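Reading through the structure tokens given below for one structure.
As written, the chain order gives the labels A, B and C, with residue 1 at the start of each chain.
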Amino acid sequence: MNRLFNLPTLITIVAMIILLPIVQRPVVAAEVLTLGIAALALNLLLGYTGLLSFGHAMFFGIGAYCTGILAVKYDFSAFTAIPIAVVVTAVVSWLIGLVCVRRSGLYFIMITLAFNQMFYFIAYSWTSMTGGEDGLPGLRRPSLIADQWSFYIFTVIVFLITVVLMKRFVDSPTGRILQAIRDNPARAAATGYDVERYKLIAFVASGLFTGLAGAIFAFVFEIVPIDKIHLLFSGDILFMTLIGGSASFIGPLIGAAFYTWLQETVSLYWDRWPMVLGIVFALVVLFFRTGIVGMAEVFGQKVFGKRVVKTASAETTEAHR
Amino acid sequence: MSVALQCKGVSKHFDGVKAVSNVSFDVQQGALHTVIGPNGAGKTTLFNCITSEYAPTSGEVLFEGNRISGRRPHELPGFGVSRSFQRTSIFANLTVAQNVWLSAFRQFAGNKIEIVRSADSHPEVAETITRTLEEVGLARYADAPAIELAHGDQRLLDFAIALAPKPRLLLLDEPTAGLSRSDTQRVMHLIEGLKGRYTIVLIEHKMDVVMRISDRITVMYFGEVLAEGTTDEIRANPRVREAYLGRRA
Amino acid sequence: MGILIASQILNGLATGMLYALVGVGLTLVLGMLNIPNFAHGVLYAFGAYFTYTIVQLTGSFYLAVLVGPLFVVLIGFVLESQGIRRLYSAHHDYQLLFLFAVALILQEAIILIWGPVGFSVLPPKALSGIVDLGFVIYPAYRLALIVVTTLITIALWLFLTRTSIGAIVRAGMENREMIAVLGTDINRVFMWTFGLGAYLAGLAGALASPIIGLTPSMGGDMLPISFVIVVIAGLGSILGAIASGVLIGIAQSLTSIWWPEASNAVIYVLMGLMIVLRPQGLFGTR
């Protein structure tokens, strides 16, 4: 029977979960896991389907704001607000997807960015609901998971469930069809698959999980800041996915950890963190496109020798750009 | 023997350019019908009308009585139609077996969307993949990344994807284009082996290849049908000789 | 009310013509290089900031508008020749992401050089008054802006349709391989087209500086608008970009009469409607 995760992936996940709250404060560790979910979700679209979305902050933000509004304005418990927020995000991503997926890659990128900006403006001006520029404070974690460590464990549980669902999705027939669409959309269509329909499925799956990430995030710092729905944050999520490695399943999680570490470190010494991000981003795009996982693989091959053709087909959900 | 494919008065115009004008022919079930003509004769445009990549400006194409033209390309496999591509068109980042899985699974699952079970959890599909790979001679490369295959083997993989769903109509677009002599032989050998079991329409411009294996030939010239008949009839046709065969035949 | 509407339409025309310049610049690069230039917004911002500095140094607004955009062109040349060119063999997405990263860097550079606080630029003395148009009284600078941008657009149109260089640019937008075959150095065409796009963005920024406040994020704010212009116009259509720019400029100003908070978001609704009702855009060819 095929294992769900190969060994390196399993080790990475376990190591992350154990080391993060040791190296960082538990609340930051929880933040990394939520950002990890968002980056993994983006990669469903980018690495697996070959679609570059520049608007994922809108799904993160919708998930976060929905949760925040339900919890703060309408007194919903976290355990009800979060699922509702995920459903809302799924519906929104379906509607936006309907508009986006029928157009070519160029349009797709521009339209996702444009809609992202639209939602940013909604969040900015609907101050009675969203708090506008100042964000939406006042969320309170349920008492069961109120302290740092129990909240971290809650986040770990959500993370693990999410990761298992996502991996099953990419290993499923739909997941493989999406990869085929990435590699050769014309042939995928000629083989009998309605490419637009599948792109829409990928878009909704991606948006849904990103919304979940946002919904959990709202409780990490118990505030929904407006910058998390701004298109610059879409760029941040892309950065995480790329620098981790979009060609592997778990790369984006590594990218989320790296991004958080880099941001914390740089912000200690210099205000202009976005410039450092921009420079590192540019360097990754120019010279390190395969990301950390890609570089680790090359290093591993140099040390352990090039692998012979893989024999277990379950292992080969790895994709290469 | 019944008529399987009917091309009825297919025309395709692009902004005033008549790429294909009023092309008609019938293909019997199990026959191998070749469309030939020099470059620019409209063969590829005609082919694209049959595969629904283009919608004909007028006319239609029927297979087993069902209209297959003027649809969206992904609907054709549902009618038992499969095609290969002129420039090898495979899924570079998947393995050979996974490439074939795509068409085999489509046949098996129809339009159902599955997101939970593993892609490799259907034994019937696995069996189809193995059988198809053995038929084209690529079984030993099943788990190799498709991109690592030699050029000629990639072409065979292209066919394997088309063959796996056991289509009733096979549409092959210049199957030997860009291949070496030995690879051309391998491909033609494979196609000959398919005769009778599949209805095949072939686009080609290598004359010697065509003459050996075709049951009937349609010769196109500047978008129109110049002649149609058996290989002997075509060989003897003076207009064809004049326009195309020249000194050769 | 009539006066309000009239002056808002004129306002919309003024911003719309600026949008048109930005939109045409983006369309040129999009058509030629096949990527949406994510740095287009920040180039617009640099046009405004260079104008501010030149006015500070020389006191002449006219000089600033003439010279400022040329510095933006320089930035464009460097970006194309040193940056994107290295990525032509890689997947499109990477060129685009590179430009996004550059936009981030350049926006921070603005903060480093000019500081995080916003500025304003005063219009030149001769144009700082108001003009009585009969049906409405209107600021002179904005009127001049409408006239000047219209003239520039006409000049641009003539350049692209009547000169041989313009023909090469338009041909390159249709079919890149073709111009290489015709013997032109494709790298130079790319660089100059990118430079022209940068020039238009910078010029728009320069001309806009007296009527909008300069802030480091002004580029980031312009970028989504430029995308909306191009999507509504239809990819590859220069005429469409002009029409689309004016359309959304006026839509914004009119909306601000009745529902000010929505004036920013309305253009995205228009974009959404266009995609659904007429996917190829106003004059789209692809």
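Going forward, a contact is a pair of C-beta atoms (placed from the backbone, for glycine too) under 8 Å apart; a residue touches a chain by one contact, two chains touch by 3 or more.
As the structure is a prediction and not an experimental result, all values here were calculated from the model.
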>> Of the chains shown, whose Cα centre falls closest to the middle of all protein Cα atoms?
In response: A
> Which one of the chains is farthest from subunit C, going by Cα centres?
Replying inline: B
> So how far apart, in whole Å, are subunit A and subunit C when each is placed at the average of its C-alpha atoms?
Replying inline: 32
> Centre to centre, by mean C-alpha position, how many angstrom separate subunit B and subunit C?
Replying inline: 48
> Taking each chain's centre as the mean position of its Cα atoms, how many Å separate subunit A from subunit B?
Replying inline: 41
> Okay, in this complex, where on subunit B does subunit A touch?
Replying inline: 51, 72-78, 83, 85, 89-95, 97-98, 101-103, 105-106, 109, 111, 113-120, 142-145, 148, 161, 165
> Which of the residues in subunit A come into contact with subunit B in the complex?
Replying inline: 2, 168-169, 171-177, 179-180, 182-184, 186-195, 201, 309-314, 316, 319-320
>> List the residues on subunit C that touch subunit A in their complex, please.
In response: 30, 34-36, 83, 86-87, 90-94, 96-98, 100-105, 107-109, 111-112, 220, 223-224, 227-228, 230-231, 235, 261-262, 264-265, 268-269, 271-272, 275-276, 279, 286
> Can you name the residues of subunit A that touch subunit C in the complex?
Replying inline: 52, 99, 102-107, 109-111, 113-118, 121-122, 125-126, 231-232, 235, 238, 242, 272, 274-275, 277-279, 281-282, 285-286, 289, 321
